[in-house]
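Each of the next two complexes has chain A plus one more chain, namely chain B in the first and chain C in the second.
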Partner chain A sequence: MHIPDGFIPLWQCAIYYVILIVALYFSLNWARKNLDEKAVPLMAVLAAGIFAIMSMNMPIPFGTSGHMVGGALVAIVFCAPEAAVIVFTLVLLVQGLFFGDGGITALGANVLNMGIIGGVVGLYTFKGLRKPIGKYPAIAIAAWLSIFLAAEAVAVEMWLAGTFPLVQGLAAMGIYHAFIGIIEAVLTVVVILALEKLRPDLLAWNKNKNLGEQKPEPSEVAAK
Partner chain B sequence: MSTKDKYFVIGGLIICLVIAFMSPFLASPDPDGLEKSAEDVGVPEAEPSYTAPFPDYTIEGLEKIGEIAALAIGIIITLAIAYLVALLLRRRNPPETSP
Partner chain C sequence: MNGVGSVRELEKETDKESPLHSMDGRIKLILLIFIIVYAVFSTQLLVMIFLEIYLLLLIWISNVSFKTTVTRVLLLLPFGGFIILFQPFIHPGNIIWTGPIFGITMTDAGLMWAALLMSRLIVALTSIVLLSSISPMQEVVESFRKLGMPREFAMIFSLMIRFLFMFYDELHRISHAQKARCFDAFNKNLPYKWRMKQLGYTVAMMFLRAYEQGETIYLSMASRGFSDKSKLYHDKKKKIGSREYIFIATTIGLVACLQILAMFLFHQWGFVGMNIV
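What follows is the complex of A and B.
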């Protein structure tokens, strides 16, 4: 769902850039308070992984294709949509500048859709559903909804830009991304399952749990 | 960086590079959801106003090898930039004791 240059008039692009700058302000503050040393490799690998997986378009019905985006994944892993804003700003900058994927003028709108909307919808849907339906079903639904709503946001932006008619745009984006959301749901669950198995210490929810207990210092662990 | 984190970065990089090797062969060439929606409502393809060095993840004159290389370059650039940015933004340890 990378919006190219030319789909949004420049004055509207400017509004999305303002939203991006405000979101980055909050995200950098979040990082200064919450992004610890251990999260640096995690953020780097997630960014590279999102860059890579976005090249893997999978076929869906109607002669269309789609790939995982990962906004919900980043927000859930860090328990912070701010992390998704940072990761998507970087990934979309690299994609736009080096590979012409997603417009430079549309960067603000693209971060809004994939990072902010994807991250916020993904994280808070997960938080709301985690207790009633369990962790992994909640992750799957959160990831699906993050794609679906981000796509509908694109349709609304395209309507505001005068590029798509509203109803047709909502219908087309909604139908295609309802299928693409299934890819998102499966891969988000797979990645979080893998992290839980291999590096549970990197998941934010496990960190919060540890705060209550006495966490042994690495030196103590080594001494045993 | 701890040994565990080094393995994590190397493991992550290997997975990304495996994807880079596979996707030029496996990825669907069909338009994505937004491109298809644009076709459906009859929006002409926009002329790019800016020419990227590797447009559409290709390197001119090189076929699949170029696509793999472009993706690998992108993965390494993204990993390096995200690592540096996260390192610059991170919480300083020990946390500053502000009153």
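What follows is the complex of A and C.
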């Protein structure tokens, strides 16, 4: 899903960069207002963690493999798409600058797809479906949809750039990421289930509940 | 994506000594990104060839291993290469080949467009490989900060780089422990659902450890006087000297010459000099 350098013309890259700068401005404001002073190290370590998670190859049915993205996961955990924007700008900047995974000129487009679209679609689908179908089915659908729509956004951007025809692009990206999305959905649910079980205080929707300060020791968590 | 091996190898390359390694980080960052931007702007194959030769010359000057550079570029090519592969068959133009089945056709314009995309990708990846081989990650963060990156963002960026290595080690340990128990996520003899559950727990553990580490780090930082106004990076004063000026003049001079030649001369040199749109 990472668009490399050279696939999008410079003037379009400039538009995506403007979107990135505006999103980052609002996200940093959100972080200052809504998160406590732990936010700086927490965001940094979380970005490093997401970076490592993205390097794990997972098996997909029918013999291929893919990796988790985590845009919906970060947005749902923090109940804010702004968190996904900050984390993914960092992750994609490091991937682009040091590992050549995703371009520097295409950074704006990549953050738009994985951070902004991934985070917004993930969170608001979850919020919309949570009551009618239940928390975990809503998380699964939100995570799947976040990957699917982010992939379709890549197809649209490639079409706008004149690099790939729209219909074929939508079909190819859609079919492949419909399977990748299954991994994203399963893993997002498993991670949130584990967080709910082991550290419910970390989930934004539990912040106002009295959880009795039952924070287990890291060794206890590892043993579980 | 690259694993822990490449993260470590990357840092080893930056320990080498050369005129480019010791140069101011901002100059390296700006000029190599400038080369990428110019490659994306340009539409002539000949320009890409000259840019690649210049980058290879810089790699030679910087004592970075050619073998490592070529291997890294080749490993990264498939990411964009897959899309490039289709270009000769989807781009409109004069048909130069018709396939025996499904009416597949290859066009001259598609072939040229694919060649342009591939050459752009190679130039961009060579620039990135060179940048990451001559600049330690922390130096790049400092350069961004000096170039005006917002303070909070630079601080998060700096901390993220520090913990990247720790998380790769953590992932490596988890993967070793799983291998020691004969767990293979790609083993088709195991039920798919069960494999996904195990991978899910691994990701959850990484996520939890990231959180817990974040809290521990915050507490240790706060106990050492950390506040949201603290500086987490070293503001090393490096003067921009003659080497930096030579590098700036050479790179900008080369790009200016290439642009003038691209406008007035290259188009006479056949398909390598034609504008591909």
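Heads up, the rule we're going with is that the second predicted complex is superposed on the first by the 192 of 224 C-alpha atoms of A that agree within 3 Å, B and C clash if a C-alpha of one lies under 4 Å from a C-alpha of the other, contacts with A are read in each partner's own complex, and residues count from 1 in each chain.
Criterion: a contact is a pair of C-beta atoms (placed from the backbone, for glycine too) under 8 Å apart; a residue touches a chain by one contact, two chains touch by 3 or more.
Owing to the predicted nature of the structure, the values given are computational and were not obtained by experimental measurement.
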Room on chain A for both chain B and chain C (clash or fit): clash
Touching partner for A:Thr163 - first (chain B), second (chain C), both, neither: both
First (chain B), second (chain C), both or neither touched by A:Val40: both
Partner chain(s) touched by A:Leu97 [first = chain B, second = chain C, both, neither]: both
Touched partner set for A:Leu187, first chain B, second chain C, both or neither: second
Partner chain(s) touched by A:Cys13 [first = chain B, second = chain C, both, neither]: second
Partner chain in contact with A:Ala48 - chain B first, chain C second, else both or neither: both
Partner chain in contact with A:Leu24 - chain B first, chain C second, else both or neither: second
Superposed model, chain C segment overlapping chain B, candidates 59-67, 95-103 or 167-175: 167-175
Common ground on chain A, meaning residues reached by chain C in one complex and by chain B in the other: 2, 4-7, 28, 31-32, 37-38, 40-53, 55-59, 65, 67, 86, 90, 94-101, 103-105, 158, 163-165, 168, 199, 202
Touching residues (chain side chain C, partner chain A) in the complex: 1-3, 6, 10, 33, 36-37, 39-41, 72-73, 76, 79-80, 83, 86-87, 90, 116-117, 120-121, 123-125, 128-129, 131-132, 137, 140, 150, 152-153, 155-164, 166-168, 170-171, 185-186, 192, 195-197, 199-215, 217-218, 221-222, 227-228
In the complex, chain A residues that touch chain B: 1-7, 28, 31-53, 55-60, 62-67, 86-87, 90-91, 94-101, 103-105, 151, 154-155, 158, 163-165, 168-169, 172-173, 176-177, 180, 199, 202
For the chain B and chain A complex, residues of the former touching the latter: 1, 4-5, 8-9, 12-13, 15-17, 19-20, 22-23, 26-34, 36-38, 40-41, 43, 46-57, 70-71, 73-83, 85-87, 89-91, 93
In the complex, chain A residues that touch chain C: 2, 4-10, 13, 24, 28, 31-32, 37-38, 40-59, 61, 65, 67-68, 73, 86, 89-90, 93-101, 103-105, 158, 163-165, 168, 183, 186-187, 189-191, 193-195, 198-199, 202, 218, 221-222
